[in-house]
Each structure stands twice: as C-alpha cells, then as structure tokens.
C-alpha cells in the first residue's frame, strides 16, 4: 500500500523521472490550530537534497492563514529534472541489486525510469509529512528527534561502542551539531575518516554503505500496542520501508543478546519529579512493546548504493550474459542524506501512536472508579 | 491492534494466567478446499512448548470433514495452568525490563498476571495461525520455512560468518536437522557450547539472549509492496512483534553496510529453467522491497530474559527503592522455543503478500496488450 | 473481511451448523476498569434467540474479577444444535434468494450447512460485542440505544408517518416497552395487526419482511469523519452488513427528499444548558457526516425470509429446472429478533467513532492557542 | 479517514475555497499497461460541473506515454474560484443543516470557507478516481455503470414503480440517453416535470431534493465479503459518504419488505450460456452479500440543499436567536450533478471488490483437488 499509519496517515505518489511527487497527510491534530508554514517543511526537504525539492504547493497557505485545520493536507513537489530516458543499455540489463528486475516481476511492465516507486524521490513526500508531524510533537511535548551517521563502511562512531558515552551523546545531540560536518557524523575526527572513506569509494567508481542512529527524546510513556503493533515493530516497519535499508535494531539490539539478564535488566529509579525512570536504558525506551518515557534510540543499516560507475558482469533480461557498462557519476554514499528521512519516519510513527494512546486514555479516563477493584489491580500512588 | 495482515489476517486474544488464548484466522484460501487437520497445527504448538499448548477446538474438524472453506477459522487453547496470583511482592515492584510498568502506564490498570498481553502465551495463537498458512504455502508452492538458533550469548554458529557456508546451510537446512539438538542449533559442536552457556546462566540464577536465523525457500518473485509495505518492512514488523526481540536484519544486514557496492551487488545469471537468478544473495531475496525468487533469510535478536532468579536492586511502583527478591526457576534462555514462533510469523507474512500479489497479477492479466507500448516498456522475452 | 471497526474492532468467526461461533473484541476502553459480567452480554443474546445462545466462555471472568483490562476479549458460544447435514435435496438445488449459489461462486466450495457465514448464527458474536460496547456507552455517556419493529409487510407503525409523534416516540421509547409485545412493536394495536400478518404468512407457508427503526440518544456532537467515513456512512455499512437487509435511511430519509429545503432545514435554538440544538431534527442527528448532539435515528429494511415452507419452481445447480420441495417449519418473519442485532451494530459504530474523536480532541486540546488567529476562525463564546 | 477502499484505494484532500483539490489513486491494475488519458477522466469531471474542474496534472502523462504502471496516480484540480471569504454574517451564524456547526464541534476551528471537507468540491477527486477505475472495468469486463435521476421532489420516474418496466430500463439505459435532458432523467415527460419543479423551487428561493438510481451491468458473480463487508454494505457506505445523501436501498429495497417471500424469492433459471441466472431480480444482484451476476441496482436519496436564498430564523453560534439573511443564488437541486459522483463511487467499490476476489480465486485455484471431499461439497458440473 502507499499509505502508512493508522490514525496519522501519510499517502504518497510519484517516482523518479515523473512530473511531480507528493503526499496527502491525514489526521493532523488541530484545535484553535497549529501554525504551520512552508518553511517548517522546507527545512527538512533541503537537508534531504538542497535545491532539488522545493515545496511548491503547501495546500492552503494563503487562504487558511498558515493554520492547520485537522483536515488532510496535500503536498506537491515538482520534478525539475524530468529528463527523457536515454540509456539504451539499461533497456537490456536489469541493474544488479536494483529494483529493475523485481518491479518487472511484480508489475509486468518495465518502468523506463528505473527503480520506479522505490526511487529515492518518493521519500520527498515522507520528509514533508514528517516535518508536519514533528511540528506538533515539538510544540506539544517538546519531543526532539535527532538522527546522525554512526558508521560509513567499517568506520564507526566510537561512542556507540561504550554505553555511558552513548547515553551522553543521545541525551544531548542536536541537529545543528549533526549538520556541522557534511557527513552528518557528530564526532569530527570520525567524520573526517568517513569523508576519506567516501572519497576512496568515489575514486574507485565504487560505493559504500553505513548506519544511521536516531534518538527520540521526551516521548510520553504508554505508546505502542502490546501485540502486533508494538512501538518497536511499527518503528522497524517504518525504517525498513526506507530505500536501501537492510537492518534495524532498538536499544541494545544485536549486541544486547550477548549481555546476561542480570546486567541487561533496566532497574527502576525514582526520578526527581516522582515518576519512575530506569538506571540504564538497554531497552531503548520500550518494554513489552510500549514506551517507558526513557530516550528511544535505534540504529538502521543502509547497504552500499547499487549504482556504481564501473563495469559489471551480469545477465541481460533475456538471460544473455554480458557486461553492463560503467555509467555516469553517482552518489557513492547515501547515509548523510538519509538522516532527515529517518527523522521523518520516526516522527510519523510517534504521532500515529500518540493519537492511538490519546484515544485509549481519553476514553478510559471517563470511566468512574470501581469500588470493588481488588487491591492488586489498583494503580499505586506516587510517593 | 490485535490483528496482523491485510488479506490473510490473524487476530489473537489472551494473555498469561487467563482461561484460554486463541485466534481467528481470516482469508485462508480454499477451492475444493485444503485438507487441514488439528495435527497440522499441533506439531508446531508442541515445538513451541511440549505438552502445554494442546489445541482443543479446531473449529470445524468434524462437521466440515477437515476441509478449509475460505471462511474464518477459530482457534482455542485452554490454559491448564491458571493459578491464582500469589506473588505479593510483585504487587509492589514493577519487574525490571518487564512490561509491568509500561502496561500500567498504558492501561492504567495493573494486570495481576504480569506482562499481560506481552506474555509468551499470546504467541500460541500466532503459532497455530502460522501452521495453517504454512500448509497452504507448502502445498501450493513447496515453500519451506526453517528457523534455527544462530547464537546464544557470544557463541555464534560459525557458518554465519562465512558467506559460502552460510549459503549452503540455508539451501539445505531442515526442521528435522534443527530439532536434533535441544538448543535447535544445527551445528552439533556449537550446540553443545550453547548448552553449556545456558547451564552457566541457569547456575548463576541469570539468563542469556541469542539470535534466531530463518530461511524461506521457494518464494515466488514479485511479492511485497514498493513503498511502505516492502516485503522486508512487513517481515521486520512481524518479527519485532515477537516478545523480547530487539533487532532484525535481512540478507547481509548490518555487516553488509561495510561491503562496497561492487562486491555487494548481486549480479544476475541465467538459471537452468531460463529465468534470472543472482550469483550471490547479499540482498537476502528482496530488492527494492520486492522478492526476487532467491532464498529469503533474516536474523532476529532476542534479549536475555528479564525474569531471573536473583535479587535485584530496583524501585517500587511508588518510588521507594528496595530489593526485589529472587523468584522461582525460570527459563534462562528462550531462543530455542522462539524458533516455531519465527516460522509462524514468516508464514503469515508470505501468505498475506502472496494474496496481495495474486490480486494484482490476476487483475492485470485480464488487460489486453497495448499495441502502442514503447519498446522500452515491453517485457523482454526469455531466451 | 471478518473485522469491523477502526479502533474498537470486532472480529467474528463461525457459521451455521459448526461447533461454535465467537468473536474477539479489541480496544475496549479501560482505566481502573469497567465491571463487565457475563450477564451484561447474556441479556442481549437472549433477546436475539432465547435459550439458544448461551455465552460459555466470557474469557476472564474469574481470574480478572469481571473487570475489563483494555486488552482483547474472546467470546465463544457453543452450538448445541450441530446436527449432521441431512437434506439431500439442497445438494442439488441452490435455494432461491439464499446465499447457496453466490457462496459457491465465491469460494468454489459448497458449504453443506447452507448459507455458511451469512447465517444468522454469525450475528451472535456481534450481539455479544455490541453489549460490551454498550456497557461503556451507557456508563460514561448515558447513551441509550433502542430499536423496535416499525413495520411488518404493509403494516406500519403510525407514529413514523407524522414527524411530531415520531419525535416524541424516539425521545422516550425504552427496551422494556419494546419487549412488552413479542413483535417488538411499541404500539399495541399495530403490534396485534403485525402478529396477525405474521400468522397469515405462516399459515400460507410463506414469509414476510419488515423494518426496524432505531434511536440513539445522548451521543456527543463531533463524531464521524467528514469524507468517506461519515457517521451515517459507517452506520449504513454496519446495518447493511446484517443478513437480509436491503435498505437504510437516516433522519428524514427517502421521504425527506420530497420536502423543500426551507422546511427541511433544522434551524438552531439555544438549549437550556447554553449549547446549540435544533428545532426540528430532519437530519437525524448528523450534518455533514458529523453528529450534532440530537437524537440519531434510522430505519432498516429487512426482506422477507427466503426460507419458506412451500414448493418453488427453480433450477438445480446444473441448470435442470425442477421443483424444490417444501421444507420444515421456519421463522416467517425475522424482524423482531433483528432488534438486538441492530442495537449491537449501532453500539459498535458509536464506540468506534467515539474513540476516534477522543484521539482528535485529546491531541488538539494540548496545542497552545494561536495569537494570530483571524477572528473568523475563532470559536465563538457561548452566551 | 480520507481514504476509501481496501486494495483499490482512493485518498482525497481539499475543500471549498482552497487552492486545489486532489486525490491519490493506489493499486490501479496494470500489466503491459492500460492506456489512460486525461480525457478519460475529464469526461466525467465535466459531467460533474462543466468548465470548473479541469484536470491539470494527470501525473505522468508525457513521460509514461499515458500508460498506467500499477503505481499510485496523483491527481490535482486547481481551484480557479478561490475567493477570499467575504460573508461576515456566516461568521456569526452556523447555517442550518450545513456542516458549519458540526465541524466546529469536531475540529474546534471554524473553517471560514463553510462546509470545509464536506464541500462538494471534494468530490472532484472521487470522480477522477472513479473514471480511472471505470476504464479498467469497461476494458476488461465490459462493466457498464449508469446512474440517472429517478425523482425530484414528489415527481418520480414512472418506471420505478413497475418491476417489469424497471427491469427493461435498467437493462438498456445509457449515459448518452441520460444526458439528453439537463435533469438527467431518462423519461422526457417526467424530466420536463422535474424541470418545472426545480424552477418552482428557484423562484421561491427554495430548494428541492431527489433520488438517483444506478445500475451496474456485467459484474461477475462472487464479489463481496460474507460478513461485515458485504457488497451492498460497501456500496451503501460509499453512497452515504456522498454529501447530502440520507438513504440507500438495493434491489427491492424498502418496498420489498412488503412483498411475501414466495413472490420476492428470485428463482433460478438456466441462462443460454449454461450458467445460472434468476427469473426475477428483487435481490438487485446480491445474495448473502455476494454478487450473483445479475444487474446490480440501487437508489440513493439526496436531501434538499441546505443553502437557500431566503431568510431563516435560527440561532447564532453564541445562542442569540436572529435572522440569517437571504444569500446569493444557489443551485436549487443537486441531483443531476450527483449522477457522475454516484457512478464514480460505484466504480471504486466494484474494482476494490474485484481485486479482493481475484486474490481469493487465484490463491484457491492453485490448490490441488482433494480426493476425499464428500460429495455434498463438490461443485456440481454445468449441464
């Protein structure tokens, strides 16, 4: 389906090389309204790809005074770079590790524009929708979503390897800091190494993958559905829907499977405000599929881009083996530009889950207390 | 929501300590019917937990001659072990890294039975539903789904580390082989080490996590939706909805992010039957969110069980810090029993996606060919 | 699909002649819980068909102290009357205006038990789910849902023809009053005529249809989604999913199409509590798809039962024309028993829409007021 | 939600007085593609409102050669008539039987542009989406969808009252015939009377309602889901989501409730091609929620437009009673323009149900026959 979300819902259309891409955003909360300007959206679009994804039609900017109304918002970004198809060779070859072959298998039609819907252009609609969701989350809950590049090839951000320094990084990192270096890695020495690694890939007409880590701060506890729609399951779904992703982990992730329960368990402590927090946060802010109020953090693996500027031995559509010629210059590493896309999908998941929990809580809060409730079921008082 | 799937849909109810758990399975395909017996389901229930999850009501076994009708199937497993709640201490303490606290935050009610819906008992309904889906997949496509334990703590199955031996393992592994050792690791030496590791955890009143790897063979190409519901996104969603999971990766996963594109790209080759296959399979059977006919394989990380038999320093619900006493014996490692749950969720995802692609293909196949179609869009003939 | 609802969701299974029918009810609101007993549900099951639909498994009655927890509720009613199939003739004939033929066309399997899922037995799950929803609606909002028989054949409840007497009836009618006469028509003289009409049908081995009218009182304003999921569209969907229904109208319905706008418009008046109400209620409590706080009322047409005890000239499955013999006694008029089913579906729709609006309102209420809001958009103060 | 459909899905945005309205159409079937031109869509847009709803952005007309690809289609119609809001009086008064009041109750914001999303402008997106669906239905199945005005006020098309003449009308009516008279009533004498009735309403600064009847020919049997998503329930949902609708009936509808079963039952007959048809068609093409291959016909009631050009005594938002002044000229009767909207929603429902049944049938057709199937379950051979 081209729609994501249960209550806060984003529907996108558009692919590479077509006239425009866009989205419809449904169920944006509104009361006396939330001021939303094109600029709120443009900031993230520009972080995705500067100068190439200008929002031309924020639906109702003028007549509605830049105020959201709770009704769906239409978004459109025109494609300036809508060149006619001129690569005759790719008419013969499905590009290795691209979606050319699988799309043909799915739709029975060769989309001449390459990967079609799996194109990175489609993500423009998501980034715009995420920026809208984020405006609400920030205004109401002070929720902060910050993603950054945590590895390029084998070069990893050192902080990730040590829980205490990781916790500190996650607690304080800001987008401004992330953007200080073009690789969007917030550790300058590592960022430089990453740049070298990317240049090396470029010089070799090759490409290299990496990981993005993201933290979401100030999310209320209680979000997520206990069984199939656990918070981390929805989040994983959202992240694995971003092109080129191959892996997702939350909290301690794969590494945590090696840590014994006695060390991995997050003991509770009383926070200054009287609520419960946890001493450690191996869980990554979710327990049993539901947020516990601690920082939510997760990591996503992006494979090396399939488009490379060197010859490849491979088969044509008809089975003939041959050599797919080297092509023009391409981006040898996409993780820096994936940062705002990760943030966007995170914002969409959080707002969708917030709306669901709002429904539960509001409906439950109207029930009168039960006198006969057994003591074991009573919610304990805070100290 | 308590429902998973778009067309093939599974809805479950039930939690720990309640009278029964069950599921409703909707949209099971049928024509002149598919013979389905209670035994088909019981096999996997018993692999999940021998002797404790007997299917008592396969809805229509007698009157409908064991034949599925395309209408929903109700499933019920009674809880024999429905003991009254007797742990007064857990009335005071939210257990660390359990769902006690987050459920209270979500529902405003303390479920005396502990983790409530996030209990492992809920997975009975999934395993039963998965067995039903699998019967169709095996009968019609010869699809084989085999999961196994690939690590316990720091003890990893060696094959995972070397692509060629991994490919061979994935191509041949069977459930019989997996079940030869109680740890469900198909490499006897490693399995023994895992057993020792689990015993060590047990002796220390501690617990240990691990990973499960799963392969799905013979899945047709073309499954998966290009944008939000990519095959791997649905698969990741399904796996991350299993209790205690923290990580998911498909194909080369996190490790693949370190491999340059020139090596990571899966070049095409002509298969003996004339169709296209790939030389390598770093992609794990999906490209652009859509299956390509190669083996689908993925790995899931399960954290160390939160229930341990040793004292823990932690806070009570009201914030008072204290010591949660050691409790009775518990399973120090759950990954061996997670194997059939992983297989079940995989079967549900594949059947749901198959039905969606069946709709697309059947509808498209009725369209007459277009004469004016430009050559670049025509599906190439096989050699 | 076998699921109804977006947030409050009911999934049913089961059909005629199978071992049991049941439902899973998801998203029942709970806080410190809502006391729910088997008796709450049994009352409506017994109104549906006395003595034949005893709830045997209210999931968690004992261990959970009869308190809802917000988690899904499993419901099961065993079929006492699970006779083997013994009508050889219906193996040859699709019964006219039954679902025998269309089910065969849909599923490719002849369900030996006749109408299969379209059987009235399936409605047991709905009635149980509706009773659960109603418990919340009544407890929290004092919402009252009362359906009654408004016509049998050509015998119509006179009040329906005159707006003022209709309004009065709708404002005061109770279930007790409805149940005073077995036809469930709240006007004794008309009820007697209806009885005579039903007896006449029975004596002629024939059947007769009728209409059910339903009122929902005390529904808050603001429920319903503006475009595709208008309140009346969801309500119509729910009602037209009840077996044997052919028509639905809300408020003035078909008759209202003949009334000029100047008379049909519901002018606003100030209610004693300062809120706005309407002088007339031709709209039936909804405007633009959204409830306005006035009584919601609607009417549903049920066709004459297709099962009749007389011979019918018709064709066999293979096309041979012949005579389908008279069969045993059947219910010549089903509308009295449809009353609790209509109430159940109404309750499900209202609770589902309430939860959706709760999400919207709760999320919107947290937004800070906007200072620059143009005056035309400001919500006016009440006098 | 702003999305309709399960597989073939339409999402709309936009309301009155905003910059544009549009839709995203998902899951349009495609193989070697279906030729789709802007003209295919424009025809119905122009029937909806000539000259005011020109499609400006059929997404990918040029680069994709007017061929659908199976991927989502974005549609946009700019609003030429985007006047600033200048009605100060409606800032004080909620217009009677409009959505002004209920929208304020729902969203907490006064949409200055009046009815907001319930505006007729929103239906542009639906009409465009329906035209796309219809192209497939016509190309592949020869499905014909024809709606016409069957009453204006108390003036009814005579054919509706007599089953035989109705059957004949439904079997032959075409859009060309419907469009011969501006009222879109296919009976010239009646059409003239309707015109007079509309003129009378106009002269009285009043408005008048009416009904639209629609037939869908050549729909395959087997469409519709047996329980909650019966074909007629989905159809009713779709129709009751059109602005100003208050009533829906299929087949014999309300009138059929007065006809005894012995007469109302549709006996089967062998069709010339060997398949089964029915002698009569009181059912309106559906039995048990599933299509039987006969003509599907239904009728929808539209209330008299709420906007009238005369003074109305009513209350202001703040409760003050007063007189809402007469406003400018408005359309005194909307049913003629509702005709293409009804056809569009019908097409959307049919294609969505076709795709679902395609999934069921394709999946079931791959199952091998069961040898042990009891004779009563075997599908009978055609003669």
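Miscellaneous remarks
First chain written, first letter: the chains are A, B, C and D, and each begins at residue 1.
The definition used in the following text is that a residue touches a chain if its C-beta (ideal position, glycine included) is under 8 Å from a C-beta of that chain, and two chains touch if they have at least 3 such contacts.
Per UniProt, the chains are A, B, C, D = chorismate synthase.
If you're wondering where the values come from, they're calculated on a predicted model, not measured in any experiment.
When the contact pairs of A-D are matched by residue number against B-D, A-B or B-C, more than half turn up again in B-C. The interface with the greater count of contacting C-beta pairs, when C-D is set against A-C, is C-D. Inter-chain spacing, taken between the CA centroids of subunit A and subunit C, is 42 Å. Distance between subunit C and subunit D, defined via averaged C-alpha coordinates, is recorded as 24 Å. Listed for subunit C are residues 1-3, 6, 12, 27, 30-33, 67, 70-71, 85, 106-109, 111-112, 116-117, 226, 360-361, 364, 374, 377-379, each touching two or more other chains.
Those residues of subunit A that touch subunit C in the complex are listed here as 6-7, 27, 29-35, 65, 67, 70-71, 136, 139-141, 226, 354-356, 358-370, 372-374, 377-379. Across the interface of their complex, subunit D is touched by residues 1-3, 9, 11-15, 17-22, 24, 26-27, 30-33, 57, 59-64, 67, 69-74, 76, 82, 84-85, 106-109, 111-113, 116-117 of subunit A.
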